[in-house]
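Working notes, structure below.
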Amino acid sequence: MLNFKLLEYSLSSLWRRKEKNLALVVVYALVIATLGSVLLLTHALKTEAVMTLTASPEIVVQRMLGGRHELIPIDYAQTIAEFPGVGKVTPRVWGYYYDSLVKANLTLVGLAGYHEQLELLAGRFPQAPDEGVIGAGVADAFGPQIGDLLVLEDSSKRRTEFHVSGIFRSQSNLLTNDLVVLQEGALRDFFGIPDGFATDLTVQVFNPREIDTIARKIAYFLPDSRPITRDELLHTYDSLFNWRSGMMLAVFMSALMAFLILAWDRATGISAEEKREIGILKALGWETSHILGAKLREALLISLTAFIVGLLLAWLHVFVLGAPVLMPLLKGWSVLFPTFDLPRVIDLYQLAILGFVTIVPYLACTLIPAWKAASSDPDDVMRG
Amino acid sequence: MGVDINNSGPLIRIDEVSKIYHHGRPDEVCALQNISLEILQGEVVALTGPSGSGKSTLLSLIGCMSRPTQGTIYLGERRVSRLPEAFLARIRRESYGFVFQQYHLLRDVSVLDNLMFPLYPAAMPVKTMRERALVLLDSFSLTDKQKTRVRQLSGGEQQRVALARALMADPPIIIADEPTAHLDAGLTAELLTMLTELHAEGRTIIIATHDPVVYQSSLITRTVALRHGKLVDDEKVGAGQ
Amino acid sequence: MILHPGILALLFGSTLILLMLLVAGGVALRIVRYWNADSGSATQLQLERQTWLVSTLLKYAFGFQIISVLLFLFTLEEIHPLFVGAMCATGSLNANLVGWLVLLVKIALVFAAAVWLAINYLDQRTEDTPLVRLKYRLLLLLIPVVGLDLWLQWEYFSGLRPQMITSCCGSLFSAEGEGVISTLAGLPIEQAMPLFFIVVTLYAVVLLANLRWRFVALRHLLFVAAVLLFFVSLAALVSFLSLYIYQMPSHQCPFDMLQGHYYYIGYPIYAGLFMATLFAMLPGLCRPLATTSSLERELECCEPMWLRLALFGLILFLLSSCWQMLFGPLRLLGY
């Protein structure tokens, strides 16, 4: 009962100083929006990466030579396929291509094992050596549409032309964005990869509990190979994203600090009118704790309002606008940024963190100024 | 847990009270020195004296707004001179009605809220509080102004709001600090009439004033004069009750 | 060290709580030295006003600490995929030796802060505040614990190495493991269940007796019963209640029940247990403190409220934890 009355008083007090409080809420909401964008974006990217990897093969086997990644003989696939529990073993031929004109990295992939997982936006898979399917990012960067030509320089600096026969769509854009899919033979010619060798092997394992055992077996029987399990990749991505969002959070914490100093300043410098009001109420029978309670409720109302507004802003920034401000900072393992629709996931945990790092310090910072304001002498009004 | 007002003893008993500001420091000021005073229920006491004589300090001690540096104050049977501030605040809102110099109203708040806000910490439900406020506003002919902000009221109206506010908790004691300092003759007369009515209802009234119109009026039953923080004169005037 | 947003938030929050307590500690030192209720001096007035600052600081710190415990558990849940073999929050706790210690200190702090606030509440209701010195000495004792909480958290998180192989609750809480918790999990259900219900019944009887009569000895008995209830209930949660909650005969994690997957049933369970323990401990704890008549009067005022809150907590705890046992399809006894 008492709390409701004091809450009503706090609302009235906030309303009477609405210009000042509005300014505070706006700045506060912007700080929350920035921090919120970081958390929402990293979480969305992480979800996206996990989605991508779930579709990827259980084990990828590379060959190591002198500590470096080397082409793997295709007959290794036979050896692996004979292990019990192993499904299909598919040699993959692919490579990176850097285009100095567009200044972008493309991933060129031979048509094998891939098309099962991917969906075409339009067109068809390559049926002739001079046909290719491209990712949406490549289409944007180079400009060609279906039926147009994509011009690339091969390993011996010869111009090679490909007809674009299709454009990719995928549940996750990260996977296909920088992709160019060619026929395997065409790709071997392009990169100069000899027959009988592949870039790596993908291994399908039926029972997820056997993945680790099979990976160990592969390493034992083919000592120059390096099996990478999907879980290991997931860990790597997880750490990567946590690290990135942690870094960003640490950076933006300083913005929060700056804001808190502002809030402290505002809370300390209460106006003469507000001071007078507190003096009158104290003289008439308000206790220090009542004033303190009312002031802290004001702070709580401000934080909650700013939190909701900031969260909405962050949501708009990340999911509607595609995080134009943060994207370049957070990604960066590929030059072609997917202009994709991020999966619109909001995780309660992320909200809890955001709330904890923004609301808690604000409240803590208003405590002392609120107490100072509340602990004036009740007989001040008598002494003029 | 208000104050038991019984008719046997004095309502307020002040015993050897001193108030020293900045005690033990070079700028030490002795505002009151060894004051002893008993106020009975139903008295109308005028505290007189030039400014700086300690009127306001004594009034704030009587009104439980501050605590004496030395000495004891009893309100009824209760020793209030060493109570924690929270308890004093409670006594203020339950047993006292205050009328200040310059009214001290909340200027940006409606008349109704001005009456209600000071009592928000009390246990009274908002509904009862509002009903009581409306009755009071009616008796001070302010009903049509209840939603108006105090800033927009005339001086006379503000004075009536201040008095209505003092009566919200139906207090047995009214404390007024230089209530006529900024009033013209008409408003002063009006205020005195209103105070007379409150006195007739059985309330004890204590007024700090240096306005002769007030301390010479027929309302006053006793004048207490202060000089330099000391009690120099204490006389019963008029009929007394 | 993993640079994870949740970890940053936790460390940041604990630093803040420590700062708040340091401010309170400064006031506490002055109060212990200069408090003189009979003085009308400005210093005394100033100190009196500062007590409001301290109680508010403590109230907030208490609230933040509760959130921090929950966030800690959530974070453990979030980071468990980083550890090989960890399948839930328990796995993350096992990743490093101090994990369980952090949790222990955090829970101890929540209880300590709650008890402090209760004593403070009692004291502030009296006119003569006889417990002031005691209160602020206790507060000074609380500060090192908050510091310890921060330090242990730092040690725990900085000692985390991803890819570390840990045991998850399945193996930790399985009967073959060693240590207290696996011993608890290994308790044969035929013994654990009667023990739990005997303690609950004992507690309930003592609580009801307390509501009826006012003997001091009963209050002390209730204190003992509350402590028993707390530990036996935690053991019961690990050993058999969790099995009913998850409806699986081998899943014994005490943290998973806080997840949305299990309809957040863990919140009423732990909130109920916390209330039942705390409010039943308070009368017994405060009795020896009530040395003056004013305190005794206030304690008489508060006790019925505390006892009712304890009863409410017990009902909440029993309802939310035993619901599945009574109505769920899983049957353990009789196997």
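In this document, chain identifiers A, B and C correspond to the written order of the chains, with residue numbering beginning at 1 in each.
Operating definition for what follows: a residue touches a chain if its C-beta (ideal position, glycine included) is under 8 Å from a C-beta of that chain, and two chains touch if they have at least 3 such contacts.
Remember, predicted model here, so these are calculated numbers, not experimental data.
Pairs B-C and A-C differ in how many C-beta pairs touch across them, and the larger number is found at A-C. The most centrally placed chain, judged by C-alpha centroids, is C. Inter-chain centre distance (chain A to chain B, centres taken as mean C-alpha positions): 65 Å.
Distance from the chain B centre to the chain C centre is 49 Å, each centre being the mean of its Cα atoms.
Averaged C-alpha coordinates put the centre of chain A at 35 Å from the centre of chain C.
Touching two or more other chains at once are residues 49 of chain C. Residue positions of chain B touching 2 or more other chains: 85-86. Shown for chain A are the residues in touch with two or more other chains, namely 288-289. Across the complex, chain B meets chain C through its residues 21-24, 67-70, 81-87. Partner chain A is touched in their complex by these residues of chain C: 2-9, 12-13, 16, 19-20, 23, 49-50, 52-53, 55-57, 60, 64, 67-68, 70-71, 74-75, 77-79, 81-82, 162-163, 260. Note for the complex: chain A touches chain C at residues 39, 42, 234-235, 238-239, 242-243, 245-247, 249-250, 253, 288-289, 292, 296, 348-350, 352-353, 356-357, 360-361, 363-364, 367-368, 371, 374-375.
Taken together, the chain C residues at the contact with chain B in this complex read 37-38, 40-42, 45, 48-49, 124, 127, 129.
Residues of chain A that touch chain B in their complex: 1-2, 4-6, 8-9, 12, 16, 273, 276-277, 279-290, 377-379, 381-384.
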